[in-house]
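Note that the chains take the letters A, B, C, D, E and F in the order they are written out, and that residue 1 is the start of every chain.
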Amino acid sequence: MSSNVFLDQLDAHTLRDRLENEKLALIIPVGSLEQHGPHLPLGTDAMLSTKVAAGVAEKLGALVAPAFAYGYKSQQKSGGGNHLVGTTSLSAATVIAQTKDLVTSYLKQGFQQIIFLNGHYENYQFLYEGMDLALESFNKEQLGDRYTLLLSYWDYVGEETLAQVYPNGFPGWDIEHGGVLETALMLHLSPHSVDMSRAPGGPAAVLPKFDRLPVVAARTPQSGCLSAPDGATAEKGKLLYDDAVSAIAADLALELADAAVAV
Amino acid sequence: MSSNVFLDQLDAHTLRDRLENEKLALIIPVGSLEQHGPHLPLGTDAMLSTKVAAGVAEKLGALVAPAFAYGYKSQQKSGGGNHLVGTTSLSAATVIAQTKDLVTSYLKQGFQQIIFLNGHYENYQFLYEGMDLALESFNKEQLGDRYTLLLSYWDYVGEETLAQVYPNGFPGWDIEHGGVLETALMLHLSPHSVDMSRAPGGPAAVLPKFDRLPVVAARTPQSGCLSAPDGATAEKGKLLYDDAVSAIAADLALELADAAVAV
Amino acid sequence: MSSNVFLDQLDAHTLRDRLENEKLALIIPVGSLEQHGPHLPLGTDAMLSTKVAAGVAEKLGALVAPAFAYGYKSQQKSGGGNHLVGTTSLSAATVIAQTKDLVTSYLKQGFQQIIFLNGHYENYQFLYEGMDLALESFNKEQLGDRYTLLLSYWDYVGEETLAQVYPNGFPGWDIEHGGVLETALMLHLSPHSVDMSRAPGGPAAVLPKFDRLPVVAARTPQSGCLSAPDGATAEKGKLLYDDAVSAIAADLALELADAAVAV
Amino acid sequence: MSSNVFLDQLDAHTLRDRLENEKLALIIPVGSLEQHGPHLPLGTDAMLSTKVAAGVAEKLGALVAPAFAYGYKSQQKSGGGNHLVGTTSLSAATVIAQTKDLVTSYLKQGFQQIIFLNGHYENYQFLYEGMDLALESFNKEQLGDRYTLLLSYWDYVGEETLAQVYPNGFPGWDIEHGGVLETALMLHLSPHSVDMSRAPGGPAAVLPKFDRLPVVAARTPQSGCLSAPDGATAEKGKLLYDDAVSAIAADLALELADAAVAV
Amino acid sequence: MSSNVFLDQLDAHTLRDRLENEKLALIIPVGSLEQHGPHLPLGTDAMLSTKVAAGVAEKLGALVAPAFAYGYKSQQKSGGGNHLVGTTSLSAATVIAQTKDLVTSYLKQGFQQIIFLNGHYENYQFLYEGMDLALESFNKEQLGDRYTLLLSYWDYVGEETLAQVYPNGFPGWDIEHGGVLETALMLHLSPHSVDMSRAPGGPAAVLPKFDRLPVVAARTPQSGCLSAPDGATAEKGKLLYDDAVSAIAADLALELADAAVAV
Amino acid sequence: MSSNVFLDQLDAHTLRDRLENEKLALIIPVGSLEQHGPHLPLGTDAMLSTKVAAGVAEKLGALVAPAFAYGYKSQQKSGGGNHLVGTTSLSAATVIAQTKDLVTSYLKQGFQQIIFLNGHYENYQFLYEGMDLALESFNKEQLGDRYTLLLSYWDYVGEETLAQVYPNGFPGWDIEHGGVLETALMLHLSPHSVDMSRAPGGPAAVLPKFDRLPVVAARTPQSGCLSAPDGATAEKGKLLYDDAVSAIAADLALELADAAVAV
């Protein structure tokens, strides 16, 4: 993956020229700094969303903005909980404000399509609100045909890929924290960051249907992972990555091309 | 359903006495004011969460607080979108602030277990943040063994019930807006509020995997419903209601009783 | 009082049709959850403002929005104080935000006249600010001749009615908390919610001219009422209700009709 | 009035010594920058509340903090409206934040009794909220027997004085904007700031019982005054001033001395 | 210095007439309430910025708005630190909000040029943000050629004056807190507020290159001054004052006149 | 520079072990996304502060947190202005909130010394406020001897180095935007990101002593640089880097070791 999709590597004059001559899409990867078990680094979510974003950007000729390195609070049912050491989170108001500020600025600069590519489940609704608040300050004339999109990359992994990655049946995204998906992707995209010798085993965590605060710490497995990365390989990571990147790129291209879409 | 579970019907002296003598649970129903198609009223979510809360409260000897009659913005993929007439929403900051204020006050008054029972998908994360912010202002000593819970009532509908209600297969909660679940429940709980002669038909809406803002209005079906309430009956409503109420009550009772839970 | 004035009972399609064909007024009742002595329920303010709103709406062909069930903090001099069990309040920022969000949304939907009908003294200034902030986001063109109104229902009780209700002289609204006005209205409008056998007696509370925080709890009477409901009857309640409803309806109709009002 | 009651004229070392040796009261005058008709200056409210505060402080040995020179938005029914040139206001959030910050700081420095002396009707509820929010950050131990008070100076003008100042009957505080009270006080306390040759005449304004936003500008009298200052004299100003100052000082002294007040 | 430059001494009708007939500039002095050693009053910054503003306003025919009597938190390296008794500060959000509200209101009233004249180092960035936020709510058409300026008065003291005031070399503005500049200016402008017999001596404070929080209190000199006012005289104060006032007035006049400035 | 100082590369279990056994310092680099002329990339500030932080961390055994990739608004006098394409900024409230959230979380996790290493002038005061707000939520006991530091790396470049880098005299940091310092550092630390063939020449920009908003765009040089990078070389970059890294490391080590520092 070449580095020339990264916005922070461009100089301002080159960017200005491109914005004047192209309908540019900008992808903002959104991650977290969050415990991911003993075998994956704290920055897993930001690394993965950045890599997926770069893959998509290369296919589309889009740019990738600096990632959100910190995300909304880890919740016990999707990330083990915000009480764990290493997990370093922003409050809702901060995620919303950051999103709003950036959407406002990027829209003013002239980007056509601004895509938040989410890699940390808990962020989603706060990114949505930040996008919506930013748009409040533009009237229709100012906005023209520009718009924002929000997606989580795992929603683009297809059924077929799931079947290959999880031969015993897909257990659901809800307990995929430090599990097969993230571990396989990291093995493919950043193998030196993974230590499979420390990977936890055992059955998936069984958590209540409710969220409780303060959390009952004992409900989170000692490893911090909600399911074990048993069977995660770089090959599966490549499969997952290629599938998600292709599907996202196809969807974004379609949306950009769809002149018939009435705003 | 008798009215004596409703907090706003109690006088303050009676409440004070109960709080001094019981470990009281308080359920706060959370709804919205949102279009639900031509056959269901705008207040559907608040009505349903209030009815479910009352059913649970009766089983547990708990109280039901006044519902949130307004919720977070309707999103196109789960509620048709916030642009539709009748849909009247609060911003994230407002939902969070309201939740925080109420949790803070109810905890100070001495309630043991405060449960947000959600009936509008979009609310969830903002209720969570409000709960979390409220707890920041209590230290461990002040809080003791009191805590807050958050749940969505549909998560408690069992597989078996789903199979009965959706004989052709359950299509997923994501397009259940103004569809079989809500319509059946309303037919059971508030039949005079439903006009089945206006119920829309046709296939379920097919929406993108991303959220787009501003929304492409044409992507929401004319009816505002994401799936048709075909086959919704009061009997199915009763089935759904009884199942959800029983399961929630059982779960809350278990949590209250679980003296072994380490905080 | 028929239920067809209540917005949450309408479906979205019917509302859309009415907004396209009428200059609709919408009344938002504003209450509180606040101790009202041993004889009145915590929800008194929301119940009364809702009933008054419904009475007015029927006369005008207006709609009644879901009430604010929670209000601003109870102050010692007007409601006994925010420290009392049962009193569950919102902070100023929350009341303002809620008001702002709703005014913004209802104006966008096309309501002509949006009226906050207040039933809890402490709310007034925060509702005002919320209205004002909402209007900041509309320019003159967008707003057209639409506007918002704010009133407290007791300001519409006439001199003559006061003389009948308080034969020994009207003591002033400031100590009317759980006193004759509210008790009589509740006896008329929701008799099963009142327990006159628990009504406190004795002279009215004498409170300082200043507000002190933290409050000196002993300054609030044990009952929580600032004056006794001596002599409150359902008949007086009817008198008060009919007078307030008629006067408010007349005033709103006049304002709607006054084409000469220069904005 | 000597200047040695003014906190901003003290050096920090002297203040530190006094706080270590005395139970110091601090009065914060609260005004506005608001049109007060053609005969009174924009700063009337801040000037009057500062002068009253200084008079009280001299009697009590208290200090006077720098005044709030700007207040909450002028409302049509009490100040003519916020749309008038010269009227320069803060939003609710700003008044609240300012109040909270100052109460927090002054309490930490060790003042015993912090009194907001209000001279602009619209401020009251926002000062109250700021006080309350500040107190949230102190626990009982940190606070000890220190507290805050809030009052409006006109509430301390006695019946007898009113009878002398308004020989034809007191019309009520609500239309006292640029009227007899403020004009007489200014003639006594800052005569060079008043130009009686420009004073408006005519009957008092008759305003609706509701607040309307946006305001109907034509409802505010051309002068900006809600009642005429007919008959205002420096003598009446002295009477009003002396009465209010004495009554406030007496009340504050009593509150300071009342060791029996249970917090 | 005559008082007729002060906005709060004007009546609203006179102001309205001037705004209709002149391109009026308005200077808002910004100070603090902050310890300034044993020889200078807490209000030094507000007094000095007000006096400088008045001097400039007289030269330009501008007006002076009521000063900000409270500023952002004192920092150890520029003001000794916020922990010292007497130092009474606003948080960043409050300074920003206050600035935003006032700029918004003054621009709407029709002032052409709004200048914040800062006298407390720590305020600068927060005033800037408040100005910027206020401008967000005006579009180009509404704003026309009106604008806001922000400056600190000491930046206008010329090299030559510095050489005269500091014959042994200018030590830098960073440790000028309660030192020669402020003391000399106060001796010239408000001699009765200075007690040179209490002025501290000794070498200037040596503080780290970083800011540390919580502060190490012992790093602030006992006096609270970061450098001694040795050699400060009223004559030097006059020199400093006249130089700053002339330079600021010249700069503002040039900016007002510069028709060639493309916005 | 090895990557093992980067927190996001660590797994949570390793971090937990280190925090239990060491007094760990954590450096948070703070940058911006801001135009830096035609020869430097938009991400210059974040890259430089991250590299300096890594250098310091290696010397101290500290960790480096994910950088702030976005900073406060670019100001014309220090960065050319926030209106330029490519410059993508956060508002004050967002920078403050982000800082507050992270300090709170990192302190709770157990870091001993948290250092913000700033590389974008405009950020400083907002980082300070965020640090201060975070500390408000800890009492002395909770905090123990842990603390936060804030510094800008250029303040650690020594006189001697300046003399070598600027043989014709150091022009002052204020116009060092895209000039010799940043260009030389980038040539040393990230040469492939610099294109000296596009470097602007000419004299330094001369900007007014005030800040004006809205900015007069023509006052910013076409290049966006406030001074030319004439004579910037990788050698000078190494000199600057080594000097700053050594000086910062020495200062932090001293502060950590200084057991005599009374908090």
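Worth a mention:
What we mean here is this: contacts are C-beta pairs under 8 Å (C-beta built on N, C-alpha and C of every residue); 3 or more make two chains touch, one makes a residue touch a chain.
Just so you know, these numbers come straight off a predicted model, no measurement behind them.
Note on connectivity: the fewest chain-to-chain touch steps from chain C to chain D number 1.
Fitting chain C to chain F on Cα positions gives a rotation angle of 180°, stated in steps of 5. Over half of the residue numbers found at the chain D and chain E interface occur in both copies, marking it as a same-residue contact.
Ranked by separation of Cα centres from chain B, the top chain is E.
Centre-to-centre spacing of chain B and chain D amounts to 47 Å, using the average Cα coordinate of each chain. Chain centres here are Cα means. That of chain E falls 28 Å from that of chain F. The residues of chain E that reach two or more other chains are 91, 93, listed in rising order.
If the chains shown are joined wherever they touch, the resulting network closes on itself as one ring, and no chain has more or fewer than two partners. Per the touch definition, chain B reaches chain A in the complex via residues 72-73, 75, 82, 91-93, 96, 115, 122, 124-126, 128-129, 131-133, 135, 143, 147-151, 155-156, 208-214, 216-218, 251, 255, 261-263. Against chain F, the residues of chain A that register as touching in their complex are 6-16, 19, 33, 35-43, 46-47, 65-67, 69-70, 84-91, 93-94, 97-98, 101-102, 105-106, 109-110, 193, 195, 198, 224.
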